[in-house]
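The structures considered in this document are given below.
Two complexes follow with chain A in common, the first pairing it with chain B and the second with chain C.
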Partner chain A sequence: MRKYLLITVALALFSFRASAQSFLENSQVNGSFQTDAQYYVLDKGIGIDDLLGKKMGINGFGKVNYTNGNFSAGVRFEAFLPEMNGFRSELKGVGLANFFATYDNGFIGMTVGDIYDQFGCGFVFRTYEEWSLGMDNALRGARVVIRPTKGVTLKGLYGRQRYYWAPYLERDFNDDDTRGIVRGVDAEWDLNQSIPALNDSKFRMSLGGSFVSKKQYDMSIFYYIPENVGAAAGRLNLGYGNWSFSTEYAYKINDPSAINNFIYKEGQALMASLSYSQKGFGAVLQVKRVDNMSFKSMYTGKQNDLDINFIPPINYTHTHSLPSMYTYSTQPNGEMAAQLQVNYTIPKGTALGGKYGTKLAFNMSQVNDIVRDSVMDNGRMVISRPGSLGYTSRFFAVSNHRFFRDINFEIDKRISKDWHITAQYINLYYDIETIEGHAGAPVVKANIGFLDLTYKINKKQSLRLELQGLWENEVHAGYEYEESEKKDYQKRGDWAFALLEYTITPHWSFSIADKWNYGNPVEEYRDHYFTGTVSYIHEATRIMLSAGRQSEGVVCVGGVCRTVPASSGVTLTVSTSF
Partner chain B sequence: MKRLSLIFATAALMLFAMGCDKIDINNTHKPFEPVAGQKAVLIKDFTGARCVNCPAAAETAHELQHLLGEDRIFILSVHAGFLAQPIGNFPDFLTEEGTIWYNNHDSNPLFSVDHVDLTEGYTLNVEQIDAPVAAALNEVQLFDITTTTTYDEASRRLNVENNFYPTGDGDGKYYATVCLVEDSIVGWQTIPGGVDREYVFRNVFRGTLNGADGQLVSNGPYYMEDVFTTTSSIEIDSTYNADHCYVLTYIYNYESGKIMHTVMEKIK
Partner chain C sequence: MKKLMTLLLMALMVTGLQAQNKSDLPNVTLKDLNGKDVNLSKLSNNGNPIVLTFWATWCSPCIKEHSALNDVYQDWQDETGVKIYAVSIDDSRSTARVKPMVEGKGWEFEVLLDVNSDLKRAMNVSNPPHTFLIDGNGKIVWYHTGYVEGGEEDLYEEILKIAKKK
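== the complex of A and B ==
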């Protein structure tokens, strides 16, 4: 008997060990860490004569994800001690910001914890985290994804959104935190996957539909705030050969909020995109209309707080310093936008293409306001009056009020084995009054150009030179301004920028740069913004140290922006992943 | 499979059915009834002719006034701050007292409701204004005020006598500020999308008759039968339309800054 017992225990242990070994073999752990720190110094030259008690700002996070077969889980820890300048002060704090656990066997997927997801293009639902903006609107709750048949995906989710460090418990509702609960469903049908006859067809089609509703709490003393606000969207994607067409329309019922000044009008959004691509050539035409589509889970929310949805920008994303100074920020209360992008590669071996080919790109985008007509309210014709419908708007009417226009042309060419050049010209129109809130400030009308030249010294070393210029048509040195409005001209006028970067692959990079506002109409603002940067890369670890000045500006990702104040000091960034 | 799809479709339909509340556009305002006394509330609207968001904010304040009664809510449009600086054709409504009250804030529009929390950020955003207004209306009125004005057309001299009647016995240091207000001035105002050249400025603060802090009414114990009187005088600027001018008087606790009552009278 004892013998049998010993054999049984031995077998059980062996089996457990084998299963534990298999479990460990299937386990995968990955993660990333980043710390950004800024040390600020007084710099009267650029108007910083008071640090307002903040000598240093540190933003940091670490996230670890674990995967084992169909199961995955993760946590993210954040620390803002205190937050760096330009980030919302509500971020100050430290703690576990995010966690989740998911099981997905292909047929059903379930997640609990903090959820990031998107329905369609995001018109009615998108939760995401963008470190550079200090933005995180994760939904803490649960999600179910079902794939009942090939090509069909059904999703359902609910939860409450992250609001900096505010607790999630309902009993914590107060005047400053009236976050609602977000519930949503989404269905998508990919016909090419579902219908065998279409599996290999040149014709491609998929359909989708979403419905999202927020359950919020009416804390208003004066207005009846709808406690359930629903938004629905439908989308269609078509393709044939080299052609693609996609469109999405969204509708939201009355949603009075601080953003729309408590009007009760419905919201609408439409986007359509037509594209063609073949080897060496691609073109995309996009149009968009947005009317009263701010959708937040707290009706008193401001700026980008608690956005349930996302309105995709259809503008060119500039990455160089001066072209990205005036980046368009999406206007959820109303905009009509259009964009055309054409890319063409002149083939290798032709007169213009040379040995390596030449890439050409043209882009034009423009955004205007929508047309708003007044409505009758209590016997008076009003526009955007709180408590009223707000206005009516003809769907296809475009206002003469232009917010933004960007026309740019780029050449990208490898001249020889060692030389590579990129050059771009941009013609910009930027209504700084609407986009950045500088009341009364004249529109920025500018010509911008840059040259990005790389020379490969040898297999390991290279030099890169950037030369950029921004020339305003009207506001520059000599422009007459009123003394009292001087503050509005802090970054206006003509700019020059130069950067020289020396890289020793795979580890080191050194650069020096100067951004000079030489043509500012205000003499005392004609400042140099010098920076010197050293960065070291070792596998997935990057350490970057820079010192110098940072000019006032905006940082935008996907049409969502934050303002960055001018500063001077030292910045250290350390990041790694595994 | 079909069952699952059916369950999903049912859940989606339920969410659709329950997920929308349509508010009757003719009934968007809640009834509001102040419960105590007849205390009037003063909203100081710190605004600027070049402030693009100020007209909507002013509209919100007037909306509150419209809802709650023009005898219970008074609005004083104080042009102060960077966006109130007169540039080009934008009007100059700056005042010395308004600049003192604005206290180096850096944005418009901003509101104060009965000088709530004067020591730290006494201004409120437009979205936050309704609750403090409602709370202030429900406070007990400590003083009643009567204002008598005499205006001489020829000299444009305005004399004001205010009588303050305690509604009960009490103690404290109380000051009163007497303000000159001009209504319905037409001028340039920045609005979303451009400039309204014929914007009608309401309740524009033109200065005080007795300084930014006003003058002493009572210092120490006071009794219900007491009457305190203050007098003040000013020569109305020749560019002001006397037909549209008012005197606005408020009494406040000197220690806390909190306004106890406000009245407004036409000067003629």
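== the complex of A and C ==
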């Protein structure tokens, strides 16, 4: 070892001498820091009558990357002292959460440390990090990427996934930590880049395939857990002129887990999309089928813990306060989904287009359950019984059980140099019992409207008014509810929302907002959520202070969006990058 | 194993030191809307400024920013030769919607897809919109997070500063 070390050092010194100047010239350091802090207060009005010993929550991270030509390395430090409300309590702690080193010269790329990567759309493998959700399933291990010829990419990786602050031992005998090892390979071939004749062709084609397996330990006393579980996926992208088509199919062998209730059925997923676009017009139709496709490196994992794969929900992502209260999340055990999105711009200079053109958008998405038929297990016909083969499912059959539907229409128009308007109508169907697990809660059927009006006072100052309303069709005020039923009606019924924002570019933004559950069927739940916010932006530094009540959802202030959990008190966010 | 790692790392550093790369933009390859690879460190605009904006289909301030930029883009190009690259950080939930949205809204700039946030991570972007201005030598000369009405005017002042220097 010492001999190798000496040789390396000698080589390093030699090369350092040779390139000391370029070393200094080329090396780059960049990074980012963010701290989100919340101070909580008691607020009986919205049901916070006990802080449970938690007056403050602080989430912070600091990240530094070093880059020098083909080499890069980075570390990320995280501190949750303790975690803010709405984040998983396992996050509490301080430490070096993430580090990596990469060398990539275009032909070969190697990474050791914490890896974020994705195969295809993520059906069999995706590791990523989302700070605002406290989500990080990085793979700690090694990865090799080889590009043998133009248009061909081969990848191989292995490692163990991050599970909050649990140590990355080969195996520890903690009952809660049965994490396995994840290994995967992926190949992608882009015909247009590898075949010179197709370089500038109107016809485009690429193919890909991946195989991922987990090695886990059977610690169960009730079930026989397979120690190796493999999943494979294939994908195809085709395009001709303005048309494109892409599809991906994945198959996973039996993988009993807490999520699928320990059934021994194989999993499948299919997604396909067809789109057409030209200047001023774009449309996409997407379909998806998911059947028993939860894939975690720990079979006892719940929620989003240790997901190896990612099954994308394909519905429209709402970010305004009221519509984002009911955001759909993928049901990995089974769903049939479809989406249609159309964007059209009425050209400038026409009667309806006016001076600036009028932008229209239509989106419709729906998700239903798959159909499950019973299977024979120990002489009895059963469905989804733990320890059995689970069920059989006809591939193209759609259940009558609807999980979600969203039909929305948007108009976006600059009326004059100073006035800009965006308006949207949304018709929503949301099976709260399935999606959020609120047993017994009635389905949400709502009409939602919003209006966003911006007025430019002068070159530096502007005003923005946002008005939103949510009207539930079948839950009305005035009905006498039993004491035991009441809890099902928290946050239900009709809502109104108003926000007024005053901005001075490029630094300041001031806003006040009120969200009011005026039509809640239970009188004591008719709460106001009033907030005031000040934000200051300087280059890539943002300081934001807000006070008041915050209900769950996505909030956009000063032009930046993030998701926030319910609370009452003061929130301070400081973030910067360099 | 550990020894091997150390050796490997050191070897990598040695080779790393010898590399030549002048751009401030990281060595990350993204796909454009036609599936073509674009390496950010090799991005150039014949010595003219480049604007890199991070956005997503679900980010309404980003869409406002792009609509505003699109209205003035032709003028800006004529006056300064600037080129705008809009980097979508949409993941596989919404990548299929990116192209129809860009075309449907009639945006004229180049769009790149950062499906697994590789560039977002490498450039330390926390929340969209986040805008970088890169001069003709590949140096990042200005950046800004967030967008409010009129924000494009500040960007243009910065573009004019470096466009004049040529």
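Criterion: the second predicted complex is superposed on the first by the 540 of 578 C-alpha atoms of A that agree within 3 Å, B and C clash if a C-alpha of one lies under 4 Å from a C-alpha of the other, contacts with A are read in each partner's own complex, and residues count from 1 in each chain.
In the analysis below, a residue touches a chain if its C-beta (ideal position, glycine included) is under 8 Å from a C-beta of that chain, and two chains touch if they have at least 3 such contacts.
Model, not experiment: these values are computed from the prediction.
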Taking the superposition on A as described, I'd like to know which of chain B and chain C A:F203 touches: first, second, both or neither. neither
Taking the superposition on A as described, I'd like to know which of chain B and chain C A:R183 touches: first, second, both or neither. first
After the superposition on A, what does A:W243 contact: first (chain B), second (chain C), both or neither? neither
If we overlay the two complexes on their shared chain A, which of chain B and chain C does A:Y168 touch? Say first, second, both or neither. neither
Could you tell me if A:G31 is touching chain B, chain C, both of them or neither one (first, second, both, neither)? second
Looking at the overlay, does A:V229 come into contact with chain B only (first), chain C only (second), both, or neither? first
Per the contact definition in the header, classify A:F510: touching chain B only (first), chain C only (second), both, or neither. neither
Which touches a greater number of chain A residues, chain B or chain C? C
Quick one: is A:W419 in contact with chain B, with chain C, with both, or with neither? Answer first, second, both or neither. neither
Chain C - residues contacting chain A, complex: 3, 5-22, 24, 26-27, 34-37, 57-61, 63-65, 67, 71, 91-97, 99-106, 115-118, 121-130, 142-151, 153-154
Under the definition above, what is the set of chain A residues touching chain B in their complex? 146, 148-149, 154, 156, 175, 183-185, 187, 211-213, 215, 220-230, 232, 253-254, 256, 258, 261-262, 264, 300, 302, 369, 384-389, 399, 401, 433-434, 437, 439-440, 482, 484-485, 487
Going by the contact rule set out above, which residues of chain B touch chain A in the complex? 1, 4-5, 8, 11-12, 15-16, 18-23, 25, 27-30, 32, 48, 50-53, 56, 59-60, 63-64, 67, 82-83, 85-88, 90, 126-128, 130-131, 134, 190, 192-194
Considering the complex alone, what residue numbers of chain A touch chain C? 1, 4-5, 8-9, 11-12, 15-16, 18-19, 22-23, 25-26, 28, 30-32, 34, 63, 65, 67-72, 101, 103-105, 110, 112, 116-118, 120-122, 126, 128-129, 131-132, 190, 192-193, 204, 206, 237, 239, 244, 246, 273, 275-284, 286, 310, 312-314, 317-320, 341-345, 356-357, 359, 361, 412, 414, 420, 422, 452, 454, 456, 459-462, 464, 503, 505-506, 509, 535, 537, 539-542, 556, 558-562, 575, 577-578
